[in-house]
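A, B, C, D, E and F are the chain letters, set down in written order, and residue numbers restart from 1 in every chain.
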Amino acid sequence: MLGAPFDWGTSFRPGARFGPRAIRDADYLEPDGKRPHLATGIDPLTELPVVDAGDAPVFRGYIERSLDSIERYAGAVAVRGGVPVTLGGDHSITFATATAAAKVYGFGNVALVHFDAHADTGVYSDPSMMGHGAPMRRLIESGAIPGHRFVQIGLRGYWPDPATVQWMREQGMRSYFMSELVERGLRTVIDEAIEAVLAGDGKSRAKVVFLSVDIDVVDPGLAPGTGTPEPGGMTSRQLLDSVREICASLPICGIDVVEVAPHYDQPSNVTAMLANRAVLECLTGIAQHRRAGGAPLPQTEGLE
Amino acid sequence: MLGAPFDWGTSFRPGARFGPRAIRDADYLEPDGKRPHLATGIDPLTELPVVDAGDAPVFRGYIERSLDSIERYAGAVAVRGGVPVTLGGDHSITFATATAAAKVYGFGNVALVHFDAHADTGVYSDPSMMGHGAPMRRLIESGAIPGHRFVQIGLRGYWPDPATVQWMREQGMRSYFMSELVERGLRTVIDEAIEAVLAGDGKSRAKVVFLSVDIDVVDPGLAPGTGTPEPGGMTSRQLLDSVREICASLPICGIDVVEVAPHYDQPSNVTAMLANRAVLECLTGIAQHRRAGGAPLPQTEGLE
Amino acid sequence: MLGAPFDWGTSFRPGARFGPRAIRDADYLEPDGKRPHLATGIDPLTELPVVDAGDAPVFRGYIERSLDSIERYAGAVAVRGGVPVTLGGDHSITFATATAAAKVYGFGNVALVHFDAHADTGVYSDPSMMGHGAPMRRLIESGAIPGHRFVQIGLRGYWPDPATVQWMREQGMRSYFMSELVERGLRTVIDEAIEAVLAGDGKSRAKVVFLSVDIDVVDPGLAPGTGTPEPGGMTSRQLLDSVREICASLPICGIDVVEVAPHYDQPSNVTAMLANRAVLECLTGIAQHRRAGGAPLPQTEGLE
Amino acid sequence: MLGAPFDWGTSFRPGARFGPRAIRDADYLEPDGKRPHLATGIDPLTELPVVDAGDAPVFRGYIERSLDSIERYAGAVAVRGGVPVTLGGDHSITFATATAAAKVYGFGNVALVHFDAHADTGVYSDPSMMGHGAPMRRLIESGAIPGHRFVQIGLRGYWPDPATVQWMREQGMRSYFMSELVERGLRTVIDEAIEAVLAGDGKSRAKVVFLSVDIDVVDPGLAPGTGTPEPGGMTSRQLLDSVREICASLPICGIDVVEVAPHYDQPSNVTAMLANRAVLECLTGIAQHRRAGGAPLPQTEGLE
Amino acid sequence: MLGAPFDWGTSFRPGARFGPRAIRDADYLEPDGKRPHLATGIDPLTELPVVDAGDAPVFRGYIERSLDSIERYAGAVAVRGGVPVTLGGDHSITFATATAAAKVYGFGNVALVHFDAHADTGVYSDPSMMGHGAPMRRLIESGAIPGHRFVQIGLRGYWPDPATVQWMREQGMRSYFMSELVERGLRTVIDEAIEAVLAGDGKSRAKVVFLSVDIDVVDPGLAPGTGTPEPGGMTSRQLLDSVREICASLPICGIDVVEVAPHYDQPSNVTAMLANRAVLECLTGIAQHRRAGGAPLPQTEGLE
Amino acid sequence: MLGAPFDWGTSFRPGARFGPRAIRDADYLEPDGKRPHLATGIDPLTELPVVDAGDAPVFRGYIERSLDSIERYAGAVAVRGGVPVTLGGDHSITFATATAAAKVYGFGNVALVHFDAHADTGVYSDPSMMGHGAPMRRLIESGAIPGHRFVQIGLRGYWPDPATVQWMREQGMRSYFMSELVERGLRTVIDEAIEAVLAGDGKSRAKVVFLSVDIDVVDPGLAPGTGTPEPGGMTSRQLLDSVREICASLPICGIDVVEVAPHYDQPSNVTAMLANRAVLECLTGIAQHRRAGGAPLPQTEGLE
């Protein structure tokens, strides 16, 4: 577990730089190194060797230099066979965290499951899109993660434009809009996503899966502490169940939870609490996966 | 689109006078005149000639004079064949906005779909009910909109009393309580409402439909920025889907979105964001209706 | 109705001492002694003799002495055949309110339906668990309410540990986790709970039922005003429907609604409003029970 | 003591309707009927017969009718020789409270000391000035309180315009701007004001003095809970010392403390606390005045 | 430096248990172990060996047991010749921190300078006064610090009653009310206090001085984040200058800064920042004292 | 008047990007183009041709590119003989706004009066000091404004270190710490500063003066809405009087008001109001200067 207190990529309300700390603090239990998951009886903190590696250094006001630093930091965990869990920060950090995974497991070998209200595939030649609106496009264009290895869940609202949506389809991205979740039901969609993400376009299977959770996938009424809230999202319960299910079913190689902006989360800090539990549910899922005999992560290829 | 920054009709917590501004501002995208609806691919701002006509003049502390002003302002849009979308303001303004529609299309020809936690049919001879508790009763009593042309969705709580509920039934109003939504499902209720609203009591069909959305129809946990919150309401997702569906299916002649009180919406402004998106969903629905060959609005009869 | 403004048992965020006042105030209607329930047409305030008995005296910083005082206060209502409805205060007060019921109706004769995110069965020899983490264990260990008379609904998160969960099962407690609610549906669970609670372990039936509602059973996004929020809970609508159904179906002898901490509920006070309506729904249910011929409460055995 | 929960006269941010309640509650001591003033040793609650007469009825959205009601309510106290202390509400209520005094003691016989950031002498034929911007002008024009009986303290900012300032001078009003307080010192100004207020234009002396305290006279940083805050005001300490001094030195016949808007006062309620203490300091001053042999209030002339 | 996260002694608004953490965090500079005081050029963190000893263990809901623990924790620092700086917590902890000093330097040998809005000399046989209203009385009655060794600065408001004030005088306590500060000026009062505190009643001189700072001595407008705010206090500047002056002039043996309640300090945390700087100013003063050749602390007598 | 919604240079709490809008909105009077200053009778909006030029384009996450844009924007006003009044944004923008002035009036010809809690002379080779901690150093090092042309007022706290303070002295900067303001009085300091700023080191006189106001010069209790609050500052009244006096006495060529971060200013927005009035006081001062025959600004030399 590491923090990426970086929000210089935000287009609207900043503050996610305080996210890592808020998520770490959003806990009312004793710091006893135990967090037994009530429904499954699994305690991820005792089953898995979880370590908090502190925050990656970031450079205020300098996007690229900061992303390089975060990538190196996450990569150092991954190359040792660890599963870096990065606490954002704004969503621009996923270009760093997922690239780190791709450098370790090979460009093209990593799939990405992406919970978000926004596709984050903006055209970054547009200055207003530099930063947290474009990381998914950058990952595709760099080749780190091909479009057909993307599964997005929870998209809604009035962005991006149809031309970009068309581009996304051409890249082979699978995007589940909220309207599809409502029509078909969450469980159906999650089950289908789990099936689809490793298969990609059917030509070759992904080796590992990166999970990126933008907390704004949840409805702003339930998760107000974020920078670009979009009404009409998932419930907290749905997010928690989904991420545990995904981690229990797939070979997860890295996770990030982003866009928690504590200053919009006052006075009750419910969004930071939700992000904290989302991490715990992911860890529980990983522990379930290992108990169930999930193959260990493949040998890393070393950092290029 | 116009604003009605009037809340001198509130019985409890004021502040909806700041609603029009908050709803207009509740947007994190560039002001580029585009808002493509992700799930349908329709951009209502490019398909429909949407104009912001500013705020209607209101007179602080003077209910009747202010309602007259709002009615004239909305009527000026409607008589030109436009669809006035009025941002409240407290719910007392619906007496003005819906009367404007009735004056243009004829008393008795307009139906009204009403999303709200409250029936707003209070006896206004009671001083405490003057203002935002009684607009629906006033519309019926003035003859602008007969009771059998009303469909209400989302009512709950502990008001009004059984005598008033009985009076509502006698007027032919169709009121879907939250308990009925839970029992029968949202889709069933909305479909039935769409069927019923034009038919009324079966003797004559309504020509056009006015849509009035009190943001407090949504659960206060999801939409806290309002004056008289009533627990146990709809979800944000349900409201957005419902209003788009209604606007896509019916000849809408006017809309208002009311009771957004920004000072209870801090620090994240999620209620204003929801109201903003509710307007966008309505506009998307209208664009769908027109694409689908929905008949244009009937000739207006001119303002009396 | 009485208040227990006591929160010296909190382990994390205090403030529930202001709960009784906030819940009483969370009402925007006239204080006219009427609250007709819209969906059922029943007005519990006119059908039932509801009296506000003020707050029980509490002693700042002294848990045991305060619980004694609350127990005596609630017992004084119960022994006269009344149904004490206690507004908390933190959850440690349930040791007092439920013990009062057990002293009136006999140890072992009272069942307890418990809505909560937490099992509240902590080992209270641990100093950090003294107070609001342990009341249910204390009730079992004192013999006031045997384990097989407990039905818990809404548990989730990462507490307590498996050993405690095992102990709970050994005591015969029936605990419905949120995951079970999601799988089987709320109505199924509530119907089953209503069946089960009087039966207990099948050897003898409970005479009466105490209902304890910790407001944190609802998702923190919808009910942020509480001390130890746990993401992923019920909706407000689900809580309101559940408690009315339970009160309409069972011989309720006492109620408490706890853990409303108004300072985390700003600026809109939606949690206090929800707690207020939860009380009204309970009273409506009791009135339904009596209308339906529900047997009056058994003779009390007098206070020991 | 009475409340006037009326804010339908506000031009900007409403909410002062909740002022009376907030001021009454802004107290952390036991409700034991004692409030001994630390520095003087005088307990105004035991020396003076202080009674809380509840709130005057007001009519939502109807200014004139509400002011009539408040005037009658305050007048009923004054005609019995009492000193009505009215908790606002917005400043439009002073037209009612001071007129009540003038009707009891005679038009022209009452002087008015007015702490405020604003002169409140707007031209009320301007719709935007109806309400809380014009009460002082209305008092002068009605003859209730002649201009030369006014002393205003703390004015600042960018309102009203020079023509109105000129009119104020012509009426004989004495207005101490904040700049004068800074130059000459508070004590000098208060002493001079006490000398001047009874003398008026030197032709006849006022019999009694009404004290109107708009909480926005204090700097908004110290008293944020108000509707039209104007930076650069007095300190809390200065207000408390000034009002006690004035009440200890003059024959006070009535007091109001207005424009406390609790929703801008969150989360610490410091403005309501300040208003509460301002009332206590006034009462302490009145008790000092009586101890010092201050003549009792003159015979009232009865209400016309 | 140590924390005492204890607020189970509060009579009104709780939350000071989160004070230690908030004060530690209220800093925007790099954690580089340097804090050079701008006006004096002295860096207390490099001149003095400052160590953060973490928080003393406290027992939720148990006052006496918690005070014992805090006393032991502070005593362990003092007995080694250190100057314990304790971050509260509510003011009841001063009974522990000052008793620790008295046990180390001898009962009767320690003087206490006390900045506060409240005298904290309540009669603790009154249940409502147990806890943070009575620590000064308890110190006197236990003999740890005789009344004539007390200097209090900043008292105001409506508590305690004249009998208690009389008792305080009889004990020889010197209490500077805010009114005296206004009349005579801050500098005069502080200079006089520095002179007086070691002298006591003139019979014997105190060896060392304990400094207790209740943040509510500052005006609530400037320091809103506290439990029992009393309007009309000192400015932030006055407090910072006063405590540095006192620490630069006297042999300080211990310090506490109490009653910072962060939940009333949102969203800007200015009160925690002020408390943080008050500590830094104290440390700067101590460094000045040592530079100026202030005698080292006397030999401790060992803990009894 | 123009806005610079840029805060990508903040080292701690961001949000000043919303400052321009908040300051523009912080006004409760009618938008009638009039703002008559009460104490002087001067209306700067009618005496001076004030124009709002909108916001300068900024590039999210890119400091240098954004500063270039702001400099060009402000320069375009200055080169036409106007006085650009820039609303920040964080303090890094002063490198742009003051450089614009220096380019127009000649490097070395512009003096700078700087109200701030912080010297803003950090060593910017330190990554953490890039941005808003270093603009004054950058101005000196670029030669735009020599050190001896700086007058700083209000510095305090624990930054920068003595080496930097020494460097500042060597550059000839005149820095008035808060401690000096307290000792010598505000008026003395301001009068001396006005004398000194044009003289500089006595060799040549400055032609014009740039005024930079960091709102954090005011005490955080009075101006909480800022990113790096430092306790112990000026009062609001002192700031307003000082800036008007300076503008009335000196040939002002440009102004900026920076570091208003509205999200820490909730719910009352007092800091934005203060910044708004600071601008109005400056404009009033400029109008006074012109009335008093102040020489018009010198011919500009054109933009290089």
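One rule holds in what follows: a contact is a pair of C-beta atoms (placed from the backbone, for glycine too) under 8 Å apart; a residue touches a chain by one contact, two chains touch by 3 or more.
Because the structure is a prediction, the values reported are computed rather than measured.
Q: So which chains are sitting against chain D and chain F at once?
A: Touching chain D as well as chain F, we find B, E.
Q: Using residue numbers, check each pair in C-D, A-E or E-F against D-F and return the one sharing over half of the contact pairs.
A: E-F
Q: If every chain is reduced to the average of its C-alpha atoms, which one ends up farthest from chain B?
A: Chain E.
Q: Where are there more C-beta contacts: C-E or E-F?
A: Between the two chain pairs, E-F has more contacting C-beta pairs.
Q: Centre to centre, by mean C-alpha position, how many angstrom separate chain A and chain B?
A: Taking the mean C-alpha position of each chain, the two centres sit 38 Å apart.
Q: Just curious, how far off is chain D from chain A if you go by their C-alpha centres, in Å?
A: Result: the chain centres lie 58 Å from each other.
Q: Can you pull out the residues of chain C that are in contact with at least two other chains?
A: 11, 13, 128, 219, 221-222, 224, 235, 263-264, 266-267
Q: Looking at the whole structure, which two-chain pairs count as touching?
A: Applying the touch rule to all chain pairs gives A-B, A-C, A-E, A-F, B-C, B-D, B-F, C-D, C-E, D-E, D-F, E-F.
Q: Show me the residue ranges of chain E that touch chain C in the complex, using the header's touch definition.
A: Interface residues on chain E, with respect to chain C: 7-11, 13-15, 17-18, 59-63, 127-128, 130-131, 263-264.
Q: Looking at the complex, which residues from chain A come into contact with chain E?
A: Contacts found on chain A: 263, 266-267.
Q: Tell me, which parts of chain C touch chain B in their complex?
A: Residues 28-30, 34-39, 41, 43, 218-219, 221-224, 235-237, 240-241, 267-268, 270, 273-274, 277, 280.
Q: Under the stated contact criterion, what part of chain B meets chain C in this complex?
A: So the residues of chain B touching chain C come out as 11-13, 128, 155-162, 165, 177-179, 182, 219-222, 224-233, 235, 263-266.
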